[in-house]
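Each of the two complexes below includes subunit A, the first together with subunit B, the second together with subunit C.
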Partner chain A sequence: MHKPDTNEGTRLWPVTLASVMLILCAWEAASRRAGSPEYFLGPLEIVGAAVARLVHGDVLEPAVRSISRAFGGFALGGALGVALGLLSGVSRTVRDLFDVPQAFVHAIPKISLFPAVAVWLGFTDTSRILIIALSCFFPAYLNAMSGALGINPRYLWLSRNNEVSRLASFFQVVLPASLLRTMVGLRISLMVAFILMVATEVVGHSDGLGTIVMESYQEGDYRQMYAAILYIALAGYLSNLALESVARRLCRGQAMEFGG
Partner chain B sequence: MTSPKTRARWCRIGGIVLLLAVWQCFAMLGSTRMFPGLDAVGRQFVALISSAELLDAAASTLSKGAIGLLIATCLGSVVGVACAYNRVIDAAVHPIVSFLYPVPKLALYPVVILVFGLGASSKVVQVALECFFPLFVQMYAGARSVPKNMAWLAANNELGPLRFATDVLLPTMLPFLLTGLRVATPIMLIVMCVTEFVGESRGLGALIVQYSSYFDTASAFAVVMFFGLLGLAADRLIVFARTRLVHWERGGQL
Partner chain C sequence: MLSVNSVVKKFRRGSHVVHALGPVDLQIRQGEFVTILGPSGCGKTTLLHMLGGFESPTSGAVEINGQAVTAPSRKLGMVFQEATLFPWKTVLQNIAWPIEQRGVRRAEALDRATEYLDKVGLHRFGKAYPSELSGGMRQRAALARTLAMQPEVLLMDEPFGALDAQTREEMQEELTRVWQASGLTVVFITHDIPEAIFLGDRVVVLGGKPGTVMEDCAIDLPRPRTSATKSHPKVLEYRSHLWELIRRASAA
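Showing the complex of A and B:
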């Protein structure tokens, strides 16, 4: 995402602060107004509920379960996607082989497979991770491929002229040169992983943060519902932040520009 | 020696055959009831299409999704352009959007249900909520990418804000809009699918859940296939629109 220039950003930070405070205050005030519906909680109450759940200790286990599913699927799908994507970028045969199946399977919203997959595997971690991995595969695959296709051909000519083996040139030229685009793809994959984490936990009986949200909605325990939503939001935000810092370190010296 | 072109075609066909063969092998090895073969899925697909059940469900799903996408596009353009042209608004809004972007908005669906009810409006709102972010990012980038020369030229010719919007801004932003739509359409399908799983509904997602609960996986897969065809058609449509509408930008990346 585009970051404003640093001096511009530092000059206008009071505006940012003011707008955030304004939204939070308006929200709090609206929730305290008499006659506001029961499910309408203010930010203070939500944070209070979230902290209470944390102190109580009954949020950690589902959170760990949820996040490990998201990361398991992300790692599996992302790694396969990057590997196959780079291979497709390098090899014409692999690219043509995957062209049509990829276009078709990519178009299916993978979550629509979940009920059918659950018929074979049950509503288990295996079926969830499978669906998450399948969804994470495509952004990683497509971006890694376009990254590998966009390499300056001179690098490849240079390595070929120096009689570098294909394997060595794959790791020493193709991988670093397409890293930037690959990381963009992985970042999209991570976002998708979290969306699918919530989606697979909401459907069917399950455990995890998404289930807590849905169950406490059905039971009318709105404090718990908002607390779980807050934890999901934090998990998504923090993991994105972590991946971004890894990407920054890996792509040091390359112009960082994370598109959506 | 075959020419590279025919070789590529054989590879493409090989890919399709490979996919279908792997599927059919799994189906034959496993029990056919749980893992239907291609013939069963194909039969159900034809049956569902001819009974108009599938088309009804698709119309219901797509109409809601399209309205949500439209709302997201309008909001995304307005906020994106406002942020691109006004630093104060940018400072006020952009950090909040950046914070919310990687957060799965789907977790908010129960809240959306509480506010908008279980009917169509909650689905439309959820789609708009989830699709707003990619569209905002693209529209912001689009509004920022107006060439300096064009802006100066427009200023020198004393173009009013309306003419500026239609003659300079719109053509510059059009490719970005199409890219944004290409990102947002699959998200729209995902959101529609999940929201139809959860609530009582009559869209494609509800159909999948219904067939899966009868252990009729062949029909469920037929609906999934139809979902895939819809997604593919939408994607091709956007690519086609791009080559037609933005004909001056040949070979631009989507």
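Showing the complex of A and C:
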């Protein structure tokens, strides 16, 4: 006799919580030790700084700017990536059309294109969103394509058997059947959006959370620097959580592969 | 009436052509239950795919009521070896799907789907997702979904092949019951001799290379068939006769 699998479904909250607490306590203790450098901040100090900024009220505006750039780029690049990826998975012609340009651009670190875009559009939100969108495109595109390519061919036979048009079949069968893989791609895209959000805010004249990190570093205000980093982490974590819950709902019945 | 007129199927494999099947001639009357029996590799699945319009014969033709079958259609409902239910839909939604595709509104389609759910004895599982069902229940749901297409002919490709022995026998009895009430024509592929005898009005033995009809054997057992039919004295005769044929078919 063995216990029912606790690994699936419910998470072991005490274990998760205990390990997080352990790390935080060790960190806090190390930061308080005599002789540790002034720039080595403990978690309590960082949270204190973050709360102070929030109370002060000057964190909301840059945070909103940053997050709207990340989401704007994610929405644009993700949507385009999913649409073209699914089409590439279904149609040989579309796949051949995009394969070489896609592979070529994919190989370029997108941040290196930022100055090139800035030549045209300046260091503006438009160019930032464009760079973020471009980066988000690839994980979305590649995963959606592989999802569509991996569909059980019998599903498409079912469509033909029911005399369903190719267009209707795309929305009713191909899209949901590739959803699991597509959502994995989108989750990668979302994380990439946050990376590129910070990267595009550090380069050139900007504002936003990434800029605060960079400026605080230059001014030697490490409390403020870590506070901004904490906000970035929080925004990334919460948006990932939101996307995951959307994915879970959309993939009901086939969501077994999602980790806790 | 479903008729197969000197159908031949050849595949191109690399540089040479493989003659897989035929010529095959077969006449299946309306409402008849025909099982096609043969060793693996005899081309029985290919034949079924051609009956359904999913593959086209190299020469010859398949006709339903005098009309050539050139593409898949609702008239010819397929049941595959794996249930292939949509995992993102509940069982009831899966069964309602073919009804919706005929232009019926969703609410009404779901309503009608319930009838088919009842027919296969799954009324308590409409809200379950396919991943929550056993293999036998999934196959029942797949049968209900195909029935919901309102086809004239059911084409079944070893649908019980992946089930355990007991579930398999239950499903066979279930299928004869459903078929008897529906008046459908059924073409059922199998490599299992007792299954072919129990289900069929006729057992068509396919064998050889290329695969051809080796024998068209009428099964004269009383209807409705139940578990008692399996111990009918004639079953044993049919079984040894078909065994002999299959052995020769495999050797060929």
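Some observations on this one:
Throughout what follows, the second predicted complex is superposed on the first by the 236 of 260 C-alpha atoms of A that agree within 3 Å, B and C clash if a C-alpha of one lies under 4 Å from a C-alpha of the other, contacts with A are read in each partner's own complex, and residues count from 1 in each chain.
Quick note on the criterion: a residue touches a chain if its C-beta (ideal position, glycine included) is under 8 Å from a C-beta of that chain, and two chains touch if they have at least 3 such contacts.
In this text the structure is predicted, and so the values were computed from the model without any measurement.
Aligning the two structures on subunit A places subunit B and subunit C side by side, free of any clash. With both structures placed on the common chain, the touch criterion links A:A247 to neither subunit B nor subunit C.
By the touch criterion stated above, A:V184 is placed in contact with neither subunit B nor subunit C.
A count of residues in subunit A touched by subunit B and by subunit C gives the higher number to B. In the superposition on chain A, contact of A:I111 is made with subunit B only, not with subunit C. Judged by the touch definition given at the top, the superposed model places A:V173 against subunit C, while subunit B stays out of reach. By the touch criterion stated above, A:I232 is placed in contact with subunit B alone, subunit C being left untouched. Annotation: apex subunit A, arms to subunit B and subunit C, angle 90° (C-alpha centres, rounded to a multiple of 10). In the superposition on chain A, contact of A:E163 is made with subunit C only, not with subunit B. Look at A:A49: by the touch rule set out above, it reaches neither subunit B nor subunit C.
Taking every C-alpha of subunit B against every C-alpha of subunit C after the fit on chain A, the minimum distance is 14 Å. Of all the residues in subunit A, the ones that touch subunit C in their complex are 152, 154-155, 157-158, 160-164, 168, 172-173, 176-177, 179, 251-254, 256. By the touch criterion given at the top, residues 1-2, 4, 8-9, 12-13, 15-16, 18-20, 23, 37, 39, 92-93, 96-101, 103-116, 118-120, 146, 190-191, 194-195, 197-199, 202-203, 209-210, 213-214, 217, 225-226, 228-229, 232-233, 236-237, 239-240, 259-260 of subunit A touch subunit B in their complex. Contacts from subunit C toward subunit A in the complex involve residues 52, 54, 71-74, 76-78, 80, 82, 84, 86-90, 97-98, 101, 129-131, 149. Interface residues of subunit B, counted against subunit A in their complex, comprise 4, 7-8, 11-12, 14-16, 18-19, 30, 34-35, 87-88, 90-96, 98-104, 106-111, 113-114, 130, 133-134, 137-138, 140-141, 144, 180, 183, 186-187, 189-190, 192-194, 197-198, 204-205, 208-209, 212-213, 215, 217, 220-221, 223-225, 227-232, 234-235, 253.
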